[in-house]
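Next, two complexes with chain A in common: one pairs it with chain B, the other with chain C.
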Partner chain A sequence: MSGSPAAELPGTADRAAPGPVHHKGPGPAPSGWLDPRGRGLGGRTFALHRITGIALLVYLYVHLGVLSMLLIGRSAWGDFLSVVTAKGFLAFDVVLMFGLLFHAFNGIRVALVGSGVAVSHQRALFWAATVIGAPLLVYAALHVFGGT
Partner chain B sequence: MLGHPSNRTARVWRWTVGSGVALLVLATVHMIAQHFVVGGTGGLRTYQQVLDYLANPVIFVLECGFLFAVTIHGLLGLRGILLDLSPGPRLRQWIDPGLWVLGTLTISYGLVLLITLAIRA
Partner chain C sequence: MSDPETETRMLRVYRFKRGDGGEHFDEFEVPTGPRTTVLDALRWIQLNRDPSLAVRHSCLHASCGTCGVQVDGHEELACVCAMRDQGQEVTVEPLANLPILTDLVVDMDEFFARFPDEHPIIRRSEGEYVRLEDCIECGLCLSACPVAATSRHYVGPAALVAAQRLLEEPRGADCEAVVDWADRPEAAWGCHVGLECTRACPADAIPAERIMALRHRLTLDGKDGGS
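== the complex of A and B ==
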């Protein structure tokens, strides 16, 4: 046994590498990220970050599929608009905006903390993002429903 | 191809953060220019409005950049989630090539869509 005890801990090299916070310390297995039990704010926002990320990736492909209607022509796009501007569909837009805003603001927090900046201010960053993001979501919702 | 795993991790992290920062700018421009300056129809553009929008060369370049950034960022995120599922070695070796193919197809199709619509304007 040689070297310092810290150097012998499993995953020491991974923890030294730049990356998200969940790679830097002990805790639940990464594959259990969806399970919110026993998690703090950081673990729950990490799970929601991934859930919104998956949803936005699915939406990317839905969006590309929907935009293909523009290739069909003016009438196909007009028919599509008449469907998606119904109030029920506009509610999906607000959910989408929540996903976008949460993922963007939490992504800034994760990038700052994962890069070693503001590591000790995770909670403050979360609440700052909430204070900025909530009015933006309300504005977006008002715009979406106000435009009908 | 990507070298030592820890180098690869750092490189993936840099690309994820870099594409994320680019997305902050490009997605904001996309959302405002495409949806928030449009009156009526729930912030959605009519057929002619979409064509006119993409006919602007600056917007066209920004939308192409948005397509690249969102695809790279999204698929790198998906890669992290897939790897966290602890796939076996055989499945694991297909993740990167599979995501490269998916990303190439996504960007190619998106570019075809953008170019076709810009030409129609």
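== the complex of A and C ==
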């Protein structure tokens, strides 16, 4: 017999290759943080914080883009306002307010927990933020829809 | 006559063998009783259905930390995870964020590679790792961590907890060097307070709380992650 016996075995190179890294999540590797399975309050608020953060960033640029319509002229801006003040579209404002309030209040909670100040109170801080934020969201929704 | 307390459940088990093509799930109907654990069910499959199923385990009582898997997406030690607490269909997968060697067995080298070689955060004895107090080095925290799912450079909860544990009780260790190691964006400052590590930890090592204590110390020391 000549040569290395191991080299003659079929699939040797495949068996020597490193295996895949298993990830949580519905999609490619970075989506693992989105997977709600097995997550507790901390993990879910983490995911929602990241989602609202990304959404607010996107909104910021969309907002700046929309404001640039003022450069086009008064009629273009008027047409745009008639669209965004429709009842159906105003619901997006409520969603935006939810994102703002959640990100702001959860940000305070994360800062307090993350700096080691209130680590054992993370759940209480979440509910405190909810108690403060929910009425603000309701007030904002009423205001947006002209109820106040 | 069949045992009235025995019921059949479906186990969906992740499979991967190097050189045998891609990943897939195999389904097995497994008889389970009131005391059957997920590890019992996996061993039943090995003995009665498919001896090629690879599962790592040792102590059978949540002490060694070798049988960590995901059960329906939850990080669990299979040896103490009761089947009766699961649904009729149970999905068993390997831990996340670590390379898979085969089936449910992950390569723990990458887990320990996150501990710095230059600082003895895990104290060694004649070249072998010695356990920290509480932590059983099972890797469940790393699998559960949403930040580790996003960045492979994040050192993960276990290494940070080991650093904090050493700072709590230095025994002559070079604390400044450990603090400098922890004071990096991919170390203590990489944690985004998902707190899933504490939920997943089967040994009550409270990783999240210890990471926050570490950050508190870094903050008081005026450290800012090098920014």
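Criterion: the second predicted complex is superposed on the first by the 115 of 148 C-alpha atoms of A that agree within 3 Å, B and C clash if a C-alpha of one lies under 4 Å from a C-alpha of the other, contacts with A are read in each partner's own complex, and residues count from 1 in each chain.
Rule of thumb we're sticking to: contacts are C-beta pairs under 8 Å (C-beta built on N, C-alpha and C of every residue); 3 or more make two chains touch, one makes a residue touch a chain.
Note that this is a predicted model, so its numbers are computed, not measured.
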item	value
A:47 touches, of chain B and chain C: first, second, both or neither?	second
First (chain B), second (chain C), both or neither touched by A:74	first
Partner chain(s) touched by A:35 [first = chain B, second = chain C, both, neither]	second
Partner chain(s) touched by A:115 [first = chain B, second = chain C, both, neither]	both
Which of chain B and chain C A:144 touches, first, second, both or neither	first
Where chain A meets both chain C and chain B, residue numbers	14, 16-20, 23, 30-31, 33, 50, 114-115
Chain B-touching residues of chain A, taken from the complex the two chains share	13-14, 16-20, 23, 30-31, 33, 50, 53-54, 56-57, 60-61, 64, 67-68, 70-71, 73-74, 77-78, 81, 84-85, 89-90, 93, 100, 104, 107-108, 111, 114-115, 140, 143-145, 147-148
Partner chain A, residues of chain C touching it in the complex	14, 16, 18-20, 23, 70, 72-75, 93-102, 106-107, 143-144, 146-150, 152, 191-196, 198-200, 208-209, 212-217, 219
Of all residues in chain A, those that touch chain C in their complex	11-12, 14-25, 29-33, 35, 37-43, 46-47, 50, 110, 113-117, 119-120, 122
Parts of chain B lying in touch with chain A, wherever the complex brings them together	6, 9-10, 13-14, 17, 20-21, 23-24, 27, 31, 36, 38-44, 46-48, 50, 70-71, 74-75, 77-78, 81, 84-86, 106, 109-110, 113, 116-117
